[in-house]
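Next up is a structure, given as structure tokens.
Chain naming follows the written order as A, B, C and D, and within any one chain the residues start at number 1.
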Amino acid sequence: MNVDALYQEIILDHYKRPHGAGLRDGGDAEVHHVNPTCGDEITLRVHLDGDVVRDISYDAQGCSISQASASVLNDLVVGHTVAEGFTTLDAFQELMQGKGQVEPDEDVLEDGIAFAGVAQFPARVKCALLSWMAFKDAATQATGAQAAGKESS
Amino acid sequence: MNVDALYQEIILDHYKRPHGAGLRDGGDAEVHHVNPTCGDEITLRVHLDGDVVRDISYDAQGCSISQASASVLNDLVVGHTVAEGFTTLDAFQELMQGKGQVEPDEDVLEDGIAFAGVAQFPARVKCALLSWMAFKDAATQATGAQAAGKESS
Amino acid sequence: MAATYDVAQVRDDFPILQRRLAGDLPLVYLDSANTSQKPRQVVDAIDAHYLAHNANVARAMHQLGAEASEAFELGRTKVAGFIGANRREEVVFTKNASEALNLVARVLGDAGAVGPGDEIVISQMEHHSNIVPWQLLAERTGATLRWFGLTPEGRLDLENDPIGERTKIVAVTWVSNMLGTINPVADLVARAKAVGAYSVVDASQAVPQVPVDLAALDADFVAFTGHKMVGPTGIGVLWGRYDLLASLPPFLGGGEMIETVTMERSTFAAPPARFEAGTPPIAQAVGLGAAVDYLSSLGMENVAAHEQAVTAYALERLLEIDGLTVVGPTEPVDRGGAISFTLDGVHPHDVAQLLDSKGVAVRAGHHCAKPAHACFGVQSTTRASFYLYTTEAEIDALVAAIWHTKKYFGA
Amino acid sequence: MAATYDVAQVRDDFPILQRRLAGDLPLVYLDSANTSQKPRQVVDAIDAHYLAHNANVARAMHQLGAEASEAFELGRTKVAGFIGANRREEVVFTKNASEALNLVARVLGDAGAVGPGDEIVISQMEHHSNIVPWQLLAERTGATLRWFGLTPEGRLDLENDPIGERTKIVAVTWVSNMLGTINPVADLVARAKAVGAYSVVDASQAVPQVPVDLAALDADFVAFTGHKMVGPTGIGVLWGRYDLLASLPPFLGGGEMIETVTMERSTFAAPPARFEAGTPPIAQAVGLGAAVDYLSSLGMENVAAHEQAVTAYALERLLEIDGLTVVGPTEPVDRGGAISFTLDGVHPHDVAQLLDSKGVAVRAGHHCAKPAHACFGVQSTTRASFYLYTTEAEIDALVAAIWHTKKYFGA
């Protein structure tokens, strides 16, 4: 278990210059997630445009892994439909929970493949998944609200 | 730890023909004691005549040790003052809790010295003490009631 | 007895069975319903954990912490698999079965599941640990405690069924630790379901002895304890349906069971963490995992068959002794390996003491089942109880020692 | 450091300290405030118990049962002696410190000790296990939770004392597991007494590190945990004044804690049994007894002196690192061996991970003390914590690894 497998250059880059960081006004749902083990937190908003995720804005307090992962989430999901976002999420989650046995697909995960090393550090998997779980929760709420809105309109 | 040291002839005799068994009418205090470990029970009445223990009547459910010990209690304490009874109790208790290191005084404990072997069987010490603790409790209540009675009269 | 089951080989795993007692007598351990002995495999697993992998769990992110966490959670996974749980998160570690039962009673109470006019149904053959928590709950909430009585044979009197419209909780034992009776728990669970009551099964004597399949049982909660299933002391299990656990408030508050804490208020983690305040029984979970592995390697079908064969033999031999009365079913049908009996003219304590003088370890007393004793008009009994290492030769030693006891007391 | 204290010899008793980690690096275990390592003596005692003396306690009257009961109760006697309890019956075994604190909160609540308008006083440096039970008690009873704040140095702000006429319970930690602060608990107990409040001391970090004399402390309740004092997991201690314990209702119901049980009602045993429902942590009490023997053989004065010396050295070395901020007292005065710190530009998780890659095991996170972290405006810290086997060379390894971390992250 080489620590360099965990701290890939790409991860450290995202950590130092996170993409899309900060909470922006509006948004169709906001969630607050906590990693109870370490206290890391994220407040995350999903901004939809119909089916499409127009923006994911967030305020994250956490380690390099969790911050970089939020940055990659922003890269991979913004501009895609919610359904596509969930597919990417599934791939990312599978990679994280694969204990290092899952071969990541660069076409799907792009910079996310740098997280392959995290899977070998069980204690850090939660860090990598924090923002993704927040996205899942927020997107589910947002589409639920949309659907409810449609029904009632 | 020879079991014959526990079941002395004298103990088995008292067990088979317990002295003073049965609850008799009257009595200055009645108590009910339980050995929570095994469920053994005794209902015991102290009948006083001034300072003197005129009778100890009892209904005991229990093993040979606890029954024989109630019988010996009756022998040793009836006809003596409460204070004398408590002195005998102290001697008996000291013997029981002495882990086999205490030399019993036959002048004080008479047949009670047969219980010396019980002290080597920690699980049975409670059996031997059940009736004695009931006596202590009942006699304390009875003399307390007498004292209160005197004060108020 | 299954052809594959070699009791002599099994005994080799239990060093304590080689113990010599006073008078250089071999130990004949017939007190497994009180606690089981531990195979070397379990003790070694605990040892290895302390000496090479010890760290706190969940919160440590160093290598030792990862090892300890993995070992601890593997214990949970193994237990979940052993009883056929749907999800490993349904396995809550407690300190013993008693805590597991109290946990259910407390949180159902705190959740407002029972109130005045409501009824909680138990039975007269319960262990005190499945009586007192419900008495305390009834007292706190104003609910009424009702119970199944017993037939003269020592089975549940199912004809007089106290389960009804007002029943909110049914809590019964699967296998009686005193009478040996195996109850039709799946039926009782179904009856509880039919009236919309929660079902709680005390499986403390069942999980060690019979193959358990939670899906077939369909209960809401199941409690059992590590030390009776060749596992360590200091650990018990509450299994609960996940959605139900997730809907209930916490039991004890503290480290590990929280989501976030401020001075003003706290929020709580998902199950099982919600119900596991403080540092859990880490080495004990490792040991329990090893116990489960051990039982699985023997095969629970084989363990059950062995138990039944030994019990049948013991019943047969004991019933030959005149003056001996078995309290509980005398046929080896729907019956676990605990036989309580009385011996005319000799108090159970004295029986146990005389047996002990021959190296035969049994229990005398109320076996934490005073109401069941009261049913049969006795204060206490002597109980011989068997397990996967018990031999017919040990039953013979028991019987010989009982004859000796009779002679000793002239009974 | 005491001349009699030979840390190299002490280390020989802890086989795990010889562990090699990934990259064949030696283990540098600096996470003892999370859990301590166990000496061979403790593990051997547990082993020997399981393999030669295992039986259930209290209820068994056979030879093995007598041995197990004696060993278990000897554990209680040793713990009582170690803390200077007046009576061994004042020592209640629980599963951990968290249960001990919850036990007090529950039974004081059930006894009606607090109600609406009453106040419970804790502090902002408490472990979650000494916060959440009181929050839950306040919720159940309508009482109000108040607390001591902290000074910038990480000590209790004694100037703003929330203890007053309405205070019914004061529950504070003796030694902070996060800040390292040693609090003037005897003074706080006296303040509680002055207003007629119950005093509860969380001694989880104190009993392992400082000589404890209950007579001098004069508290009503003291809680601590086995696994932090070179003892096993799965056991904790609640000490309580006997007369007080004897006046309180039971906590959990079940076997061993009863006097008599009928279906209609039960009566309860005297302390400590009243508070120990079910099979107790038998082997764990044996192990804790061995732990206490081990600590006594070293001498708690020596353990405390060693702890202070190592802490002083660590503070000195750590404070030399620029960008490193110690959260908590920076002088080695009234201070235990836990040092939490932040490192500019590197998240505590990342610090811990990098240290781990050098074999240095520390903890990162909130250390079950979120409110204390909130006080200092941080979410988490990295914590190095020391114990009787910690060497100055290990502190040097820690410092070197921190420099490496800074370089790695360009901080």
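Keep this in mind: a contact is a pair of C-beta atoms (placed from the backbone, for glycine too) under 8 Å apart; a residue touches a chain by one contact, two chains touch by 3 or more.
Note that the coordinates shown come from a computational prediction; the quantities given were computed from them, not determined experimentally.
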Original post:
Chains in contact with chain A and with chain B: which ones?
Top reply: C, D
Subject >> Chain whose mean Cα position lies farthest from chain C >> reply: A
**OP:** Report, in whole Å, the distance between the mean C-alpha point of chain B and the mean C-alpha point of chain D.
**Re:** 45
Original post:
So what's the Cα centroid distance for chain B and chain C, whole Å?
Top reply: 38
Original post:
Roughly how many whole angstrom separate the Cα centroids of chain C and chain D?
Top reply: 31
Original post:
What parts of chain D, by residue number, touch at least two of the other chains?
Top reply: 22, 59-61, 63, 65, 258, 260, 349, 353, 356, 364-365, 370
**OP:** For chain B, write out the residues touching at least two other chains, lowest number first.
**Re:** 1, 37-39, 121, 124
Subject >> Complex contacts: residues of chain D adjacent to chain C >> reply: 15-16, 19, 21-22, 27, 29, 31, 34-35, 37-38, 40, 42-43, 46-47, 50-56, 59-65, 94-99, 101-102, 105, 124, 127-133, 135-136, 145, 147, 225, 227, 232-236, 250, 252-258, 260-263, 265-266, 277-284, 349, 352-353, 355-356, 360-365, 367-368, 370-371, 374
Subject >> Complex contacts: residues of chain B adjacent to chain C >> reply: 1-3, 6-7, 12, 37-41, 61-65, 67, 121, 124, 127
**OP:** Within their complex, state which residues of chain D touch chain B.
**Re:** 58-61, 63, 65-66, 69-70, 258-260, 269, 273
Subject >> chain C partner contacts - residues on chain A that touch it in the complex >> reply: 1, 34, 36-39, 121-124
Subject >> chain C - residues contacting chain B, complex >> reply: 22-23, 347-350, 353-354, 356-357, 364-366, 370, 373, 379-380, 408-409
